[in-house]
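The following pair of complexes shares a single chain, subunit A, combined with subunit B in the former and subunit C in the latter.
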Partner chain A sequence: MTTTILHPLSSPDGSATHTAHGHTITAAVNGPLEVPRRDELPEEATVELHIRPATGISTIRERSLELLLEPTIRRLIRTETYPRTLIQLTLQILRSESSSTNTLTQVPALLGAAMLALLDGGVALRTTVVPALAVTARGQGAVLVDDVTEYEGEWDGTHVFGITGEGKVILAKSEGSFGVEEWKDACAVAVQGIMEGEEEDSDEEMYGDGDGGKQETGREWLMGVMAEKESS
Partner chain B sequence: MPREAELSNNERSFILQALQENQRIDARPVDQYRKLDIKFGEDYGSVDIALGKTQIAVRLSCEVTAPYPERKFDGIFIISCEFSPMASPEFEIGRPNLDEILLSRILEKAIRRSSALDTESLCIVAGSKCFALRADIHVLDHDGNLIDAACIALMTALQHFRRPDVTVDGDSVTVHDIREREPVALSLIHHPLCVTFSHYNEGKTVLVDATQAEEQVRDGQVIITMNRHGELCQIAKYGGAAVDAYSIVNWSNMALPQVQTLSELIKAALDDDAKKRDAGGLMAELSAENER
Partner chain C sequence: MATTIQKPSASSSSTTTTTTTFPASVFRALTPAAYLHAHLTHSPPIRPSTRAPSDFRPPVLNTNSLSHSAGSAVVRTGDTAVVVGVRPEIVGVKDIPGHAEILKASQESAGEAQDDRVEKLGLVVPNVELATGCAGSQIPGTAPTRAAQRLAWRVREGLVGGGVVDVEDLEIMWDRPVIGDEESSEEEEEDGAMEMEEENKKVKTRGEVVGYFVLYVDILVISLAGTPFDSIWAATLAALRTTVLPKAVYDPELEMVVCSPLKEEARRLNVKGMPIACTFRVFEPSRFKGLKDEKKTWLLADPDEMEEELCSEEISAVVDCSNAKLGTQIRKLEKTGGWVMGAEEMEQVIESSEKRWAEWNGLLEEL
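Then we have the complex of A and B:
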């Protein structure tokens, strides 16, 4: 189940609570803020990303997720419009379903939450990004999964993609065993699923409930969330 | 270092002048809490509370470890309340600020040192195995009165949490999965809650549940912790203007009805959640607990 609540918090400039693939994340963005002297960049904004686990102190696992997401998010923001300031993003993991132990399945939820918080906070962006999770099994085609906790079937490779508004891949991270062809297939499926929606004859799952007819694409989902914010 | 937006002089004097006339900016009576909303997650010990705009999430977790060598019969209970920039940009990671130190100290005193939780019940095999219970307090949104809100959230979570059941056979210990055996509630000796009194105007005006704006202009605060039977656990006054002894006595009398109301709210929320979980009505049969 993918659910989204925009602006659940009152004090940060932008915030969002996003549930995807069994992970619930609350993201908050503050910025542009005064930047500590040591981090100040003369021609662009400093982007800070913190990921905090639901239980326990943040470990090397969170650091590695931060290192994966921070460059992606920095490239999304028009940092040159905020020179000598700080844009601070905090991603708080509130719940992780025990069945989704794979670290990689957290990435789409984290990226989705961060994206929504940035949009909610009105931070100037170059483009939007929609996360996608695809799985591949050896000798079979790639499948785009809406909710990995409900996905029935065995898979060998897990692939996470961040697809920009132009249909380009800005983030790609994979785990498990797969070949180059399978990866290419997963990438194509992700781009297609986010940009155009699924083909008629496939049984891929998409965002939204999709009660008959063509299902909502990832891009339409993001548009829908923002349109709701506009109208409220 | 980013700083929290401070109140302007006009705002300050407006709030203070209104308080002199016993009026609060949100039109609440001086002794009234904001609306308390308690939500439970699917997992045991996962509680989200909202006190007005202040939002706190508590997550309890436990694992089996070796007890401290000097406390062989006690389990381990850790309260962690690291602030994140989510609540306010002035909170920096890895550099605790005054509020954070104060909150962890108060919770330590109010809940851990007042023995709200019977840590001996967390012991499995003396000297070798015990449960280590960890409470992570996440401040999501900060609009004042973090101490009371965190205390409510933590006490609710402790009452909501269930630890896995264990069987001990000589030296071998079996920890039963939640699906295998009904998990066990923690043994709580009493349920302390904090009430923070913010005082103004040489102690003539006193408020409970101050918002962030009210906290910024107060002369000082006195934190009183007691349980619903009126047993005082601690009184803390960290700095601020002096208050006379009579006020403290007076305020501790005022704290009791507050604690009783809050306890009722917590109990109602817990009962509500227990009813939801007890879908087939089998809970009474599954549980091996005795009424205390």
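Then we have the complex of A and C:
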């Protein structure tokens, strides 16, 4: 189930609370801000990303996630629009259903929350990104899933994708054991699920509350969230 | 490089085309992107390090160079050099809170899911240190950088999630003598052992986990010139493959685990599979001033420090081709920072990684 609340916080420039794949994240974006001189870049904005866990202080686990997401976020933002400034993004994990230390299933929720906060904050972007989670089994096709722990089939590979507005892969993280064909399959399923809608035989619900009729695609979901913001 | 590269002057308004000539090192310092681009547009394309775009740096491997560790390795690829030492320590189950539940859970799910005791009990502890001065960005007296922390986490993920080290190899067992049936039924024990006893009343001992070896994997990057993870991972694998654990037995009188000093009784750590990490970056000249019209992009294998700074898109794969039945298994694939490489281009990445795997396998297999 994917739910989204735009602008839950009043003081940051942009914020969003996003739940996906069993993880709830609140993202806040501030910027352009004044940048400490040693981080200042003469021709573009400095992008900072902080991830805070639900309990305790951030550990190397969060640092690792930060460094995975940061290049992607930096590439999304038109950094050349804000030279000598800082754009700061903070992702607070509110709730994680899985107790596992595995970072993989948290990535789509983090990326989705970051994207929404950036849109809410009105930061100039190159493109949008919609995350997807898929699983593959050897010799079989790939399936988009909402929650890996509830998926009933067998699988060997778990894949996370961030798909841009043009249907390209900006972020990917996969774990398990799979061949390049399965990865390509998962990638195609993710792009299709976001750009064109899922095939009929898929019983998984990706976005929205699926009130009968056609499945909402990832892009339609993002458009819907933004349309709501505009009208409010 | 003693050669000079000619670069047309930027003043396009004047009709006279003046040509400035300056050494390559100045060109590199002033406009690194144009410098790299000028190299890559050569025919055939060549990188500033004289490698072809798909060439990895040749690896050099030394093992067991640290005499005080159970296993160690030094890996050098180009100017990136890494030392890894493995140090085993013993932890008794009495000192692990909640051990009985964790053990029970892993025995119940035996066969279904992978035994995750290595992860849950933290039996493999990697630590990465980027030595002071190993690269210009490493200044003395600071806390571990985010880069170092990320590397440590990735090593941990690879060792724990990838099932490289088997928990059975780290267990220290003791054959507990069983006196009478009443006592054994009073004690908590697994169903399997109960059945065994009913079948054969003469069984007088029962295997019990009394402790574990904890492997501390200390990784020191002595020189950093791009792509540290590939070297770190290979060195870690080599160090683990050479790790020798002493024979450890539980002494019920001393109530502690004692290790045998005899070399003949020591055993090699069993490392499963041969996952090899390969990192690539994508050079997009259109991101830079003066090169905006260049549509072409280049995939650079095993980038060095300068290339890492210029290329935002990174792809890192961990492949294992050691299982002939399954063919090439991708254990991990990470891509961030750009959208040039799509599904079709990924084939090229994996193909290139397979070649690199064969190269590393040749070095690591004999250990």
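Operating definition for what follows: the second predicted complex is superposed on the first by the 218 of 232 C-alpha atoms of A that agree within 3 Å, B and C clash if a C-alpha of one lies under 4 Å from a C-alpha of the other, contacts with A are read in each partner's own complex, and residues count from 1 in each chain.
The criterion applied here is as follows: a contact is a pair of C-beta atoms (placed from the backbone, for glycine too) under 8 Å apart; a residue touches a chain by one contact, two chains touch by 3 or more.
Predicted, not measured: the structure shown is a model, and the values here were computed from it.
Asker: For A:Ser232, is the partner it touches subunit B (first), subunit C (second), both, or none of the two (neither)?
Answerer: Touch partners of A:Ser232: none, neither subunit B nor subunit C.
Asker: In the overlay, work out which of subunit B or subunit C sits against more residues of subunit A.
Answerer: Tallying touched residues of subunit A, the top partner is C.
Asker: Would you check which partner chain A:Ala188 touches, where first means subunit B only, second means subunit C only, and both and neither mean what they say?
Answerer: So A:Ala188 only meets subunit C here.
Asker: Looking at the overlay, what does A:Thr3 touch: subunit B (first), subunit C (second), both, or neither?
Answerer: Neither partner.
Asker: Now for A:Lys168: first (subunit B), second (subunit C), both, or neither, which partner does it touch?
Answerer: After superposition on chain A, A:Lys168 lies in contact with subunit C alone.
Asker: Quick check for you: in the superposed arrangement, does A:Ser64 touch first (subunit B), second (subunit C), both or neither?
Answerer: A:Ser64: touches subunit C, not subunit B.
Asker: Determine, under the contact definition given at the top, whether A:Leu33 touches first (subunit B), second (subunit C), both, or neither.
Answerer: first
Asker: Once the complexes are superposed, what residues of subunit A are shared between the subunit B interface and the subunit C interface?
Answerer: Common to the two interfaces on subunit A: nothing.
Asker: Looking at the complex, which residues from subunit A come into contact with subunit C?
Answerer: Subunit A residues touching subunit C: 60-61, 63-64, 66-69, 71-72, 74-75, 101-103, 138, 157, 164, 166, 168-180, 183-184, 187-188.
Asker: Within the complex, which stretch of subunit A touches subunit B?
Answerer: 8-12, 15, 26, 28, 30, 33-36, 48, 50, 52, 54-57, 86, 88, 90, 92, 94-95
Asker: Under the touch definition given earlier, write down the residues of subunit C that touch subunit A in their complex.
Answerer: 119, 146-147, 149-150, 152-154, 156-157, 161, 312-314, 320, 326-339, 341-344, 346-347, 350
Asker: Which residues of subunit B touch subunit A once you look at their complex with the stated criterion?
Answerer: Counting only subunit B, the residues touching subunit A are 1-3, 41-43, 46, 48, 53, 55, 57, 59-61, 80, 82, 84-89, 93, 134, 136, 138, 140-143.
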